[in-house]
Amino acid sequence: MVVRERVTGVDLSVEMCGITLSTPLVPASGTLAKEALGEVEGVYGAILPKTTTPAARAGNPPPRVAETPAGMVNSIGLQNPGVERFMEDLDAFDLGVPLFVSVAGETVRDFAALCERVSEDGRVAAVELNLSCPNVEHGGLTFCAGPAAVEEVVTACRAAAPTKPLFAKLTHEGVVGNARAAESAGADALTVMNTIPALTIDAKRRSVLVRGGLSGPAVKPVALKAVHDVARTVRVPVLGGGGVTSGTDVAEFMLAGATLVQVGTASFVRDPVEILAEFSDYLREAGMGAAELTGALR
Amino acid sequence: MKFYTVEIEARRELGAYTLISYRWPGEKVEPGRFVMARAAGYPVTLDPFLARPFSFYDFEDGVASLLFEVRGRGTALLDRATRTVEVTAPLGRGFEIDASAGRAALLGGGIGVAPLKILGRELSARGIDHDVFLGFLDAGTAAVADDFAGASVATMDGSAGTHGTVLDAAPDLLEYPVVYACGPNAMLAAVKDAAGPDGLRQLSVEERMGCGNGSCNGCVVPVDGGYVRSCVEGPVFRAEVLAW
Amino acid sequence: MVVRERVTGVDLSVEMCGITLSTPLVPASGTLAKEALGEVEGVYGAILPKTTTPAARAGNPPPRVAETPAGMVNSIGLQNPGVERFMEDLDAFDLGVPLFVSVAGETVRDFAALCERVSEDGRVAAVELNLSCPNVEHGGLTFCAGPAAVEEVVTACRAAAPTKPLFAKLTHEGVVGNARAAESAGADALTVMNTIPALTIDAKRRSVLVRGGLSGPAVKPVALKAVHDVARTVRVPVLGGGGVTSGTDVAEFMLAGATLVQVGTASFVRDPVEILAEFSDYLREAGMGAAELTGALR
Amino acid sequence: MKFYTVEIEARRELGAYTLISYRWPGEKVEPGRFVMARAAGYPVTLDPFLARPFSFYDFEDGVASLLFEVRGRGTALLDRATRTVEVTAPLGRGFEIDASAGRAALLGGGIGVAPLKILGRELSARGIDHDVFLGFLDAGTAAVADDFAGASVATMDGSAGTHGTVLDAAPDLLEYPVVYACGPNAMLAAVKDAAGPDGLRQLSVEERMGCGNGSCNGCVVPVDGGYVRSCVEGPVFRAEVLAW
């Protein structure tokens, strides 16, 4: 485990919702395939696979990704094999660290059924509700529509999965109101934020290239604000993310109030091992442990 | 994704394309596999943001080479790189090789010639007979064919070789038990059509990629019942798998 | 005029709200000082100075700007000398092209008074209402709060400036609803979009660096979507902008539905002369005039 | 803002700092003016995004030079540049020079020494007597003082010259009718204090900049009744103007 040597001498461990994690880093849902897990051993404090849905989804036709300045727009359309096949394959994600599972339905009932299904499995440490995927025309989108919808879904999921920590993943639009709603409906933590709805155009062909969600370093300042605003509003912990690219970025999100930090798009262009190593260097210089950093803005 | 900064061993122009080579200490490179490459990434820069996929052009004595066409900003910057570039380890699934299947036809369209060099080398090493057919827009891009001894060439403008597409330069593909092709997706579809359903028909596809290691689900191609990721299940597919 | 030679042979002119412009480019409000006008002669079809307010505003204490990946966050706080001093100095902005004036108040009455004051001046070709500046805690912010507020302000301004074209400048949050409201209240055109609320943190000092608005290339895909969504919803023309950096970007915004394109932050790091030259090259290759490009997605 | 790609004429290290020079065909450069500079911008890259402000270190025979300290990513990339850099034309308002005013004290703190070289050259050319006082953290950064003949040096760690700040190395500033200073804002405030209200007291300030040409209102310093832009009304200000 190449990471180990580079991160000795600092305390990277954090605790959230009664779960102890060896590092505060978590892969953002949909950005780490099981085929790539070998590359990141020791980096993440928990694993979080791509969102799963009640039935298999083929996803959107290509092109699905477009490069943008310091970022990318994706329109995957939640391609996944459906919750049953996903659960059959769950051991593939076992890296010896807690496993979080992301779910999305098109109705409140779907969400609740998914929560029940995945939370009853002993291998699942927590459930993340993807309330914000901008690529699903029906369903997903409606759940970012406002606090009332968020409250309804989270309430149903809370009842369906009473024993497992429940995270509500929110977009940046209206994030504070939605965060309050999710908290009061019983979410144990909030994930802030998902991609930002965006569009790319191919000027040469005069056609739309990809309509989807913007992610990557470009969105970092927007995500930092969302995390900061939410962390000052709610009492539950925050999983922060959006554009995290370096160890310094990890520190920034924790300072803004995040307890865990999600690394997504940047893992396509950097080795997450480096990000953790840089974060360790930051802590060493600051003379702090990871857990002390949350909200420690002066 | 882990990127390695490698020194450029050699850089030369093959007609309209650029060839760069670097020492790759890893395992032997299988024909048809690719790398994600860029001039530089973080901390030097986050823009252009994504690395670009390139097939291996060749691999000999521990030196790997890439052949590329300057299209946009990423390839322009690669073309300017003088000292180092950043590459991943070899990725994806390459060409299946079946020594018992018989004579092979290799078809390349434009910069799609890239993986045919290393494929031809491997076939020769295994004593497998093969013919190479290369199609280009014009004589400028066709110049790379000099690096493919014995290849038949076609150009769309007739300025070199046969006037027409790569299929116009090739005999009836049905006569080949094995057909390999790489080029624009439209050409691959035409090859699939012309090569018929029987025998080993392998196409190296070209899709926009985010990650290159299966993580983003960005690079999919349509198959029966859905989409599969061309970076891990491809970029080389059996023709019958592709729902084109 | 160095631009002239590089843009011959293409028709760059466009028409909006009865005003003919020599090029579709306009500086985004707050990004072109009168001191810098000399550098951009011939580039812009109209000039649009920084937002003016009823009284002088000192603006926010520094630091006011922070670099971000492919962008920047600013928190200027609408520093300006107040509308009276601004109008006295108006001739400084005379480049022989139409002059648009941006105004912002803290109340509906302020907005209306500003509209009356500036629109009565013959040198002013149109008025842009800055309904979206994220840096003004009272006033500005409330006007992005939703369609009802937008409708109220625009209605009052419409009455106060019945003879001059009125543009409503909107943020991306809830842009479609706000666009509908502005249109139905009588706005002659919509400017989409302003900066995105954002935060930067200095990890080393563990302190907030700048809390303000994100702009520059990073936001382009978000702005393109906002422009596209609005242009498909309203009948009035759109002034599109957000991250425009190259001639291709200008084309993308027009294809998405913009009639005029605003260049802001990129003018700090590029010569706008180049942007216009690249746009001319695009038109030449496409064999189109600028005016044909609006909404011409295939 | 218009950027010019200029070839690097020379590059050398002055202790902990880097000096690069380039041919500047424009007018004579006034001491205290600055440029926005970067290793490369669009179309090569949009990240790092903003150019960085640097005072002119020197200007002689049409060759301008910049002296800089590597702090973050932008200066690290400038430090790596081997062939070209991108710079604007000279910007801002430089030092006022009044030949009749009498003897001048020049105070520099750390990399704030930069504009004192060209200022000293100008003062000498006009026959104005002046003394140079330079303060640094340590002997490593103080090495640049070798390029300032006759300068008095102080270091915070005492490893070279006087132990203490630049003010510890200087005599009573009240005795100088003219005082010029450049360095961190905290040092400038101390100099303002020590130099008293009379005479010509000029401070070159350091604020974060967006544009460099007055457009963004980002680089302001506090003055009586508000803020003014240091890129057009400065970076050199009369001390009494600054509300510090």
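Should a chain be cited, it is by its letter among A, B, C and D, assigned in written order, with residues numbered from 1 in that chain.
Keep in mind that, in the parts below, a residue touches a chain if its C-beta (ideal position, glycine included) is under 8 Å from a C-beta of that chain, and two chains touch if they have at least 3 such contacts.
Computed from a prediction, not measured in an experiment: that's the story for all the values here.
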- prompt: Going by the average position of its CA atoms, which chain sits the greatest distance from chain C?
  reply: B
Task: Return the distance between the CA-based centres of chain B and chain C, expressed in whole Å.
output: 46
Query: If you average the CA atoms of chain C and of chain D, how many Å lie between those two points?
result: 35
Message: Need the CA-centroid distance for the pair chain B / chain D, whole Å please.
response: 53
Field: Residue numbers of chain D (touch at least two other chains)
entry: 43, 46-48
Message: Give me the residue numbers in chain A that touch at least two other chains, ranges are fine.
response: 68-71, 216-217, 245
Query: Among line, ring, star, complete and other, which one matches the pattern of chain touches?
result: complete
Query: Where on chain A does chain D make contact in their complex?
result: 69-70, 217
List of chain D residues in touch with chain A within their complex: 46-47
Of chain C, residues touching chain D in the complex: 30-36, 39, 50, 56, 58-59, 61-72, 74, 76, 79, 216-217, 245-246, 265, 267-271, 273
Touching residues on chain D, where the partner in the complex is chain B: 43-48, 73, 76-77
Field: Complex contacts: residues of chain C adjacent to chain A
entry: 68-71, 73, 173-174, 196-201, 203, 205-208, 211, 214, 216-222, 224-225, 228, 243, 245, 248, 251-252, 255-256, 282, 286, 296-298
